[in-house]
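Lettered A, B and C in written order, each chain numbered from 1.
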Amino acid sequence: MKTFKGTLVGSALAVSACGAIAQAKERIAPPAVYKVAPGLGQYTDDLLFGEVWESPDLTPRDRSLVTVTTLISTGKFAQVGSHTRRALDNGVTPEEIGEMITQLAFYTGWPNAISSVFEVEKVFDERGIDGISDATELPAELAPDADAEADRRRSVDTSISPVLPRLSHYTNEALFSDLWLRPQLSPRDRSLVTIVSLVATGQAEQVRFHAQRGLDNGLSREEIAGAVTHIAFYAGWPKAVSSVSVLEDVFNIDDQ
Amino acid sequence: MKTFKGTLVGSALAVSACGAIAQAKERIAPPAVYKVAPGLGQYTDDLLFGEVWESPDLTPRDRSLVTVTTLISTGKFAQVGSHTRRALDNGVTPEEIGEMITQLAFYTGWPNAISSVFEVEKVFDERGIDGISDATELPAELAPDADAEADRRRSVDTSISPVLPRLSHYTNEALFSDLWLRPQLSPRDRSLVTIVSLVATGQAEQVRFHAQRGLDNGLSREEIAGAVTHIAFYAGWPKAVSSVSVLEDVFNIDDQ
Amino acid sequence: MKTFKGTLVGSALAVSACGAIAQAKERIAPPAVYKVAPGLGQYTDDLLFGEVWESPDLTPRDRSLVTVTTLISTGKFAQVGSHTRRALDNGVTPEEIGEMITQLAFYTGWPNAISSVFEVEKVFDERGIDGISDATELPAELAPDADAEADRRRSVDTSISPVLPRLSHYTNEALFSDLWLRPQLSPRDRSLVTIVSLVATGQAEQVRFHAQRGLDNGLSREEIAGAVTHIAFYAGWPKAVSSVSVLEDVFNIDDQ
């Protein structure tokens, strides 16, 4: 990396690019990264953890929600443990982590959820976390708007039912009349997790409905944009770029 | 989960949601699932294994074909072993499992196939399965229609050859004049495996040709719809939903 | 496999299909493959390694670049080690392997890159490879054309900035003003790696820009076509087929 790019990634990079050993911050990238791919080591410590995780466009808690969701959704189980620890440190509760996994079983498939459970269990054991509750109800003020829900159901009944009637049934009854009403994750966070899973797995077209729903559930455009930018680092640039035109539509629609 | 949703997932859920320990059925979800993500535990036992696997829209043997195919296609090797056992129990033969893997090497890449081989080998060893035959020929009555095959070849020659001539060559010679004619898997099952792999990996557009071919090979619309609904649970809702518009076209075309 | 298909995969296949034990070449497929999926064993040794890897449309070095890139991009870490060895044998340098990983962190996500580092480290240790340099500059004659870069930046500023301003910033500053200028991988190889990662992960639409850039960076159409054909075997047929219409456009545009 050339030193004139210090403007982007900070002076720590500029120094290290000149060969100095001193680092402005503790290294997060393991030694193997510097040994095999030194450029990746620098980008990890100076750009990803030095810049991106520090950016004000998203809170650390939200970055953790986005990161853990991306890892589970794309099946990167080797990183789920360390980012679960970081998520707990950033204020995500154990109940919320369990519920993110439950949500992602439906949105990215059971195997991702089950394999993640085993990684998260190790972290819970490490930290003495036990006895996750599963008993309360979603407060009435967080329940979805009845008109919006009627629209959603009509849309599923029109588009999916004629072709896949049982999928339509499970969509209406298991997803939207049960999973989405569980109180372990706020509707705002559930929307964030769902949008992220769709972007991270390349389902840009289905982002349309969920980005709109996310705005209705209290996410700001800036938070959605910050989340998608964060995904670029954890699932690759093309996944983030693919969602641009859909988000442009949703953000404009909301303007009018 | 609220008890009024017992209509969906049966009384077992209603009971457990009230805190009772008794379960109507044996739990399939491992204890770690209930510990980390209790909601996922209930959905696994009451909805996925209690409802979905029991639904009459697809035979248990077909559900196993769909499940194993989805796992291999999406690289979820941690679950391949247990579902290979279930597949053998549901009447899929060892030869058919080996041949599904061979088919999926071409449709989802060699690494998925090779990694799955090692998981399946453990199950075969456990059960004393050995000496898979690879010698017979596809019965003449199962060979593809000559006109349909000529159409297919013409389409490949027109669309792929000018851009990727060697891919066109391998498509015609290795896939359709060799792989698809192997007798270890019936054309009906081979079509099912192929359709499922396409849906599970998000290749909805290419479902068009293979869904039509599947109908020609003896799959019913109900079986294709049942398979895609089952995929929702193993590869995530969006993958199933993405195939709706293509299936709508194929199912209508067949009507006329 | 029927013997009349010996025209495709050579006489070795014809012989083995008749049940003879003798093989024209050493087997590369592990014994487990022949045991579980005998057809896959034959296709591996006779078609994939007997034909595809030997085809003159791509050099062995390029096949290794394509294979390792596909494995990293699709998260098939179990195969990264053996193909890193093969890549080193085919003339890819350790610096180039490290830099491919760095490039793929951005194009397919950090977790793929980090997990690959650990696999590659084992191979580097095995071979006593150490002390990868990260200090030189890209020779001026390899720097991108200033007009093309201005066009690229304008396009990002117009399309991405209004929706995802920070992603646009990172795209301009971290990717195109830093990563792409690193000398550890030639622009030609960097384009090849990028195109392959896009095709292998199903991002066909974004192949358009990078295929054109690849031609500008010295890739031939035949090399791009050879790479995409090779991907069919390592990420599945549908991924390769999905890129046909985009490549057709790019190759034609270049004609005029």
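The criterion applied here is as follows: a contact is a pair of C-beta atoms (placed from the backbone, for glycine too) under 8 Å apart; a residue touches a chain by one contact, two chains touch by 3 or more.
Model, not experiment: these values are computed from the prediction.
For the two copies, chain B and chain C, the CA superposition rotation is 120 degrees, given to the nearest 5. At the interface between chain A and chain C, under half of the residue numbers involved are used by both copies, so each side presents largely different positions. Between chain A and chain C, the centres computed from C-alpha atoms are 28 Å apart. For chain C, the set of residues that touch two or more other chains comprises 75, 202. On chain A, the positions that touch chain B within their shared complex are 75, 97-99, 101-102, 105-115, 117-118, 120-121, 124, 130, 132-135, 137, 159-160, 162-167, 170-171, 173-175, 177-179, 181-182, 184, 197-198, 201-203, 205-206. By the touch criterion stated above, chain B contacts chain A in their complex at residues 1-2, 5, 7-9, 19, 30, 32-33, 35-40, 42-44, 47-48, 52, 55, 57, 70-71, 74-76, 78-79, 202, 225-226, 228-229, 232-242, 244, 247-248, 251.
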